[in-house]
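One structure coming up, written as structure tokens, with questions to follow.
Should a chain be cited, it is by its letter among A, B, C and D, assigned in written order, with residues numbered from 1 in that chain.
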Amino acid sequence: MENVLSILFCLSLFYLSVTSRVKAYVTVLRVQGIILTILLVIPFLSHFSVYGIIIPATMLIVKVIYIPRYINKVILDLDIKRRIEPTIQQMVFLALVIATIVIIFFASQLLSKSTPLNVIPFASGFSAIAIGIYIIMFRKKLIVHVCGFLVLENGIFLFGTSVAFELPMLIELGTLLDVFVVVFLMGIALNRISSTFEGFEVAHLGRLKD
Amino acid sequence: MNSIFLSGSSLLLLISLAVQLLSVAVIWLIKNERKAFLAANTVLLGGMITGLASALLTALYPAPSGNIILYEWLRLDPLGLYFLSIIQLVAIPTIIYNYSYLRHHIDKKKSVKSFVTFFTTLLVSTQLLVTANHAIFFLVCWEIMSMAAYLGMIFEKEKKEVQQGSFYYVTVAHALIFILYIFFFILHEQTGSWLFSSYHLPFATETMGPVLFILALIAFGIKAGFMPFHFWLPRAHPIAPTPLSAFLSGVILKTGIYGLFRTFQFLCPVPEWCGWVVLAVSLFSAIFGVWYALAQHDIKRLLAYHSVENIGIIGIGIGLGFIGSANNLPVIMYIGFGGALLHTLNHAIFKTLLFIGSGIVYQNLGTRNIELMGGIVHRSRYLAIAFLIGSVAISGVPPLNGFISEFIIFTGFFATANELKNFYPIVMLMLVVGLAFVGGLAAACFTKVNAVMFLGSPRREIQKFNTNVFDYISLGILALLCIVIGFYPAPFVGMVNSVIGSSLVNGTASAILVDMNWMYISAIFTTIALAVFALYVLKIRHEKKYGKRVSDAWGCGYEHITPRMQYTASSFADELNTIPQSVLVYHKKVTVSDTAYPVESKFESHSDDFVDTKVLLPLFGLLKWLIAKFEFLGQTDIRYSVAFILITIIVYSLIAFLWV
Amino acid sequence: MIELFIFIALPVFASALCFAVKNLKVQYALSLTVAVFHLTLSVIVFLGVHQAVLPGFFSIDSLSKLFILILSNVYFWVVLVSFSYLKRPAMPKAGEGKRYYFLLLNFYLAANSAAMLSNHFGMYWVASEATTLSVAPLIYFYRNEESLEAMWKYLFLVSIGIAFAFMGILMLTLSAKGTVLEGQQLFFWEFIKNAKELNPIWLKVSFIFIFVGLSTKIGIAPMHSADIDATSNAPGPVAALMSGSLRLTALLGVMRIFQIVRFTSSYDVVRIILITGALLSLFVAFVYMFKANNFQRMLAYSSVEHLGLITLGLGIGGFAFIGAMYHAVYNSMSKVVLFIGSGNIHRAFKTREMSKISSVLNKVPKTGWLFLTAFFAISGIPPFGMFFSEIKIFEGILFSDMPYILAPVMFFLLFIFVNMGRNIFSMLYGKRENGEVHNETEPFDFSHFVSVALLILLTAIAISSPDILYQNILVIAKDFGFAL
Amino acid sequence: MGLGLLQGIVSVLVVLGLSPLFAGLVNKLKAILTGRIGAPLLQPYYEMQRLFRKETINAIGSSFISRISPLVNLVTMIIAAAMLPVGFWKPVISFDGDIILFAYILGLSRFFQILAAMDIGSSFEGMGAAREATFALFAEPIFFFSFGSISFISGYTSLYMILHSIQHQNISYEVFIVICSISVFMLAVTECSRMPVDDPNTHLELTMIHEVMILDNSGLDLFLYQYSGYIKLFIYAILEISFFYPFSGQGYLLGIIIFITGSLVLATALGVVETIASRYKMKNIPQYLLFATAIGILNLLIYTFTR
């Protein structure tokens, strides 16, 4: 079950790397949020507990509902052009992504020999991180950067679930809260940026040179 | 508690230092600039005189507890005491000169508070430096000294050359303290102590010996300005305000010499090659230092190069001493170190004298280029006389103090040759001739300086030339010291002798220095002086009898000669400078009228520093070029930063997993 | 429990109150009281008068003792100076920023204390992320393009870095697989206790991730850029806070994981990585100083240099480690003085470009002299503390197993010092644009008082070298397994 | 002791008295060799007498330097003379290391003479001064090489003792003496500004060295300069002669005889040289001096390889 979801996750990554519409990113984020929520829910199907459900619930609220909506709102407010402006062609990017994912899968295969870990979620989480970085590296729009950052975060969560690692709930919530606030602040900053710089691309952030 | 025993005199010393520091408070507390300055300078002077008194007292009545004071941080052993008294001796006239020097600046509405502060800090830290017994404390004093000198140096910071020169100075100063760190770390590691008094690592038994020696030679050599490391001197000394440059050249360089002596104390007996290295470097510095000096026209720059020469002479003495210690010949150690120590004192005196003299000229004429001077003797005769005394002394010509120390070193050569036969005589003879050659060059250089600056007729109209009593007091003190040491060397030699006996040759006494027929020399010099005076009286009589008048000099066809006909410094020194042209980087430009009708003809020459222009500047350029290649590290585009994260993680993982 | 209340809960309440109360003076008084409480408690705890016992994810060991003392010290002075700074901000537009200033400051204090006191990796992560969040708006204090851009970059890059650190933490759990720690909580001491069993591969990887991730916050090259931007565009006090304490907070995380690695076989490799990072930071600072033009940026780079030195001390270990700890203490204080001074200069000249600034000593003499002194303090000129700590670090390097490192380090430091000096002197001295130099008088306000006090404190600590501090640092060294 | 002191004083007086005569002797012989009758032997005395009676004229713009310089010159010459063993008598001044003093005392006189020359502020004196400084610089090593080497062999550093210790049985000394005498002779020629370095009786300013430095002096000053010039010449002559005492320390009478004959021989030699040699170009003079130095170095090589 986990593996299937992880594969779906990977597919979403591929989709990310070929699509050229900002909206698509948001959708993908939603999908990933859902996947993660399900992953969190699974263990509790067997033995149900109220506490256990809190975290998936927050996850659902933050990652599936709130953040995507927020981003959409930002996009609408600032009427960002629908197209992401990549700095390299999509094909190259895709190739890069595929190569990375392949490498990561092999690497984690090797690593799994030394320590028992279920490879697929691990690797897909890892590759999500890598691709989040790629998105930030090769896109111009700041909003897309935010999406990339979120993809990275999702990757980390998947990774976390894969290493079967339970933090105390307080801290779990804390992490979620942090992510949430970060995105919130980024949204505000984007607003400011768009109002100060008449645009929100990296190109505009060139003042701090020395 | 024994370690904090304060003999009365050393207590006096501490008090004097406190008083000197008090002057800083004074100058900042009093509002009126002029009053504040006068008060502060007086306090400083008082403190310095007290200090000198205390130093002499301590020398005369050494305290029973071996003069370890202040928890073994400070120690007044004879060597340190000797240098301490040199510092104070030279500082006093400098401070007196401050009265007249800084007053000009106050008149020009220029604040001198900061300068006085830094100058005082410099004085105090230097005095503490030579009495320090704790390595870290030594380093602290050293660094404060360098920085205070730097801050004082940028007194006239508007000028470009000042910024450049001080930049040079501070770079070198900071670089050399790093070397000193390593030096003392090794000492600490070997002995497990920070106290000078517990550093005794016989070179032979010490594996670290050579390293220590080389480190010390480089670090202290840079400070003292031995030849390959001299490059900062001629840049730094000219730009400093006169009192500071006098103090820098007279005393701060000597801290390097002091360091060398301490190093010898730590490592003695040193092997012979150390002696040879020091000798070679020193002879090189002496010859080329004076030769560079001969090629300069900027008086302060010229004097700075002369410091290099004199440091070279001192170094020759030290080298002799090293050779003596290597062959276990206390006699030679006495003579070599004696010459070095005495020359240290002498150089401090006459170099300060010369700097102050040239400073007065600079103040009045507003230029340091001697080609534009001349005829100053008619404006202020006493200045000319004082400067003449200084020049005679620095060229090692009798009957003044310069000769005495050089005489000792010469005797050292002969003594070495006689003590150790086989190949030594040749080397020593080479050294003899070399030193004689240096003396000749120095004489040539200072006849040039004196003649061009003071004698003849002014090459450029002198509007005003006013000097005041403070100038003459400070000059007078120094000139008097030159004369006294020259005419009556015995006590000073005795002092040096006792210093060496108690702190450099570990006990083996030898009276070689003392019974060197100093009375003979005093007698001869006195005779010379008296005879000249007597003859002068007779001459006056004769002139009364047969009459005397003044008339035009022989103009060879012109009815009278003009100032522009005079020989210039360039032309005076040209023939000598053309010999080592390439080393001196000596350029000359001659424009002669080759047409039938004589047009204006010109001859000008100048010389750059070899190390500076041919070695350092290219290296610095290379460094800048390399750095330009790495500026991408400073970029701020977020995408690159993210990429950096990824790359760094990959690289580190490679390191972590492929490291063997 | 009460400690926890004063260290963390009190600031939180204070920030809540600041949100409620709009009057700046009241906010100031409030934060100042909080700061005083904080400082007193941390001093008490440091002196060992009162043994603190903290519940849950918090605990105090000698390391956090020292760091929280540094934090509350820096924080106290910064708050003290803040009011006089807010009264006359450098930029007119800062009105909006003022409202949230003390609120965020208090929140920052709470988060930072939490991070320093936490003994649980997860807790640490949450808290340090919270510090980032609290500082980011403070960077945007001036509401102008530069500060906005700086804030964006800081927020974004540091969040990514922190995310990587989180990865590192996850991998730490991976390394615990198959040991007694499997499924346990991520308490430091547990890991330190049975570090030997941990799986070396995952341990190394996790160290790398945490080190690189937190480097964005510490400002270790090449992840320093966002940090530099933030520090160089934040208002003076905030910049002081960042270089004084925030960077140390991040360093604490690295030290924790390093402390675990210290007792395993991976130590040799890991210290190579630390040293590489440190040397790289020194090099970056060295390169920058040749073309520096923005003086606050220059100071930020000097922070990079000094954090690099501290990291170097960590990596070398032994005597250098002790030097590094001292260096952390001294660096925090002198940085506060420098940044306060730079804030005043910025206010006086309305620019941060050194080419446009000259004869500071004539325009704002008090600030100028203090700035000069602080420069000497930061570049290790006696009698200020840095001199002694640097000497310790150097000696440690010289007698470590890789003495040759000393050569590049000294080379870099030399030129950093010289170039910084040249720039700062061209700033302090020289003629004004209009040529004439007339001395103006400057009122003696809080900032000068704070600078003087800190400089005196710095020198006093350096010269008297209190035994309690030395003992504490020795204990830290012992915790890290550097027996001297 | 008393006797020794007496001898010393006598010898100083001898030097002071006879030095003009020696100069006259040289000129006379030169004249004879060139087939002229020449001036009488005592001509220098007459000239000095004439000059002594003239009034002193100082150049405009000259300072006290040019007034005291002649005095310093004379005094230093006398002191130098007092260090020489004339007729092998013990000189007044003789102590360890007095060769250094000897050289530097001469240096003192040079120092002041150069200053005095520059003091006039005319280009001719300047030229002369520059040349003097340069050539003196190269002349110094000659002295130190020749005397230094002997002092190293003999182990003494006092002129009297050095010359005293020369034994003519030892063959290596013979070689030494020959070489040293040659180089000292060349030194003397340079220092006393005779041919072929300088022409004492040309009067073209551009070609002169020593003479041009005192171009603007007259009366008493000129008298003093010339007198000290004579003394200097005689001092070098004595140095030269004192190499040739066949056996050390006995028979003052013999010493005096040798002294007289020696000075005659030397005067002739000088005369001969001045007749046959022609003045060098200014450019070549350094080479000439370096040649003399090289001879000195030869000494050393012999010294090392004969042992």
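The rule we apply is simple: a contact is a pair of C-beta atoms (placed from the backbone, for glycine too) under 8 Å apart; a residue touches a chain by one contact, two chains touch by 3 or more.
The structure presented is a predicted model; accordingly, all values stated were derived computationally and were not measured.
Participant: Check every other chain and keep only those touching both chain A and chain D; list them.
Facilitator: B
Participant: Counting C-beta pairs in contact, which chain pair has more, A-C or A-B?
Facilitator: Higher contact count goes to A-C.
Participant: Using mean Cα positions as chain centres, tell me which chain lies farthest from chain C.
Facilitator: Greatest centre separation from chain C goes to chain D.
Participant: Which chain, with its centre taken as the mean C-alpha position, is closest to the global C-alpha centre?
Facilitator: Answer for the innermost chain: B.
Participant: With centres defined as the mean C-alpha position, give me the chain A-chain C separation in Å.
Facilitator: 31
Participant: Find the geometric centre of each of chain A and chain B from their Cα atoms only, then give the gap between the two centres in Å, rounded to an integer.
Facilitator: For chain A versus chain B, the centre distance works out to 70 Å.
Participant: Based only on mean CA positions, could you tell me how far chain C sits from chain D in angstrom?
Facilitator: The answer is 80 Å.
Participant: How many angstrom lie between the centres of chain B and chain D, each centre taken as the mean Cα position?
Facilitator: 36
Participant: Two or more other chains in contact with one residue: find those residues in chain A.
Facilitator: In chain A, 133, 136, 145, 205, 208, 210 touch at least two other chains.
Participant: What residues in chain C touch two or more of the other chains?
Facilitator: Chain C, residues with two or more chain partners: 152-153, 156, 160, 201, 229, 288, 291.
Participant: Check each residue of chain D and list the ones that touch at least two other chains.
Facilitator: none
Participant: Mind listing each pair of touching chains for me?
Facilitator: A-B, A-C, B-C, B-D
Participant: Can you list the chain A residues touching chain C in their complex?
Facilitator: Touch list, chain A to chain C: 111, 114-117, 129, 133, 136, 142, 145, 149, 152-153, 156, 159-160, 163, 165-168, 171, 174-175, 178, 181-182, 185-186, 189, 192-193, 196-197, 205, 207-208, 210.
Participant: Provide the residue numbers of chain A that touch chain B in the complex, in ascending order.
Facilitator: Chain A reaches chain B through residues 130, 133, 136-138, 145, 202, 205-206, 208-210.
Participant: Within the complex, which stretch of chain B touches chain D?
Facilitator: So the residues of chain B in touch with chain D come to 374-375, 377-378, 381, 384, 388, 392, 395-399, 403, 407, 410-411, 414, 417-418, 423, 425-426, 428-429, 432-433, 436-437, 439-441, 443-444, 447-448, 450-452, 454-457, 516-517, 520-521, 524, 527-528, 531-532, 535-536, 539, 542-543, 546-556, 560-561, 563, 565-567, 571-576.
Participant: Quick one: which bits of chain C touch chain B in the complex? Just the residue numbers, please.
Facilitator: That would be residues 152-153, 156-157, 160-161, 164, 201, 204-205, 208-209, 211-213, 215-216, 221-223, 225-226, 228-229, 266, 268-270, 272-273, 276, 283-284, 286-288, 290-291, 376, 381-383, 387-388, 391, 394-395, 398-399, 406, 410, 413-414, 417-418, 421-422, 425-426, 429-431, 439 of chain C.
Participant: State the interface residues of chain C toward chain A in the complex, per the touch definition above.
Facilitator: Spelled out, the residues of chain C in touch with chain A are 57, 120, 122-123, 125-126, 129-130, 133, 136-137, 140, 145-146, 148-153, 155-156, 159-160, 163, 166-167, 170-171, 173-175, 177-178, 183, 185-186, 199, 201-202, 229, 232-233, 288, 291-294, 297.
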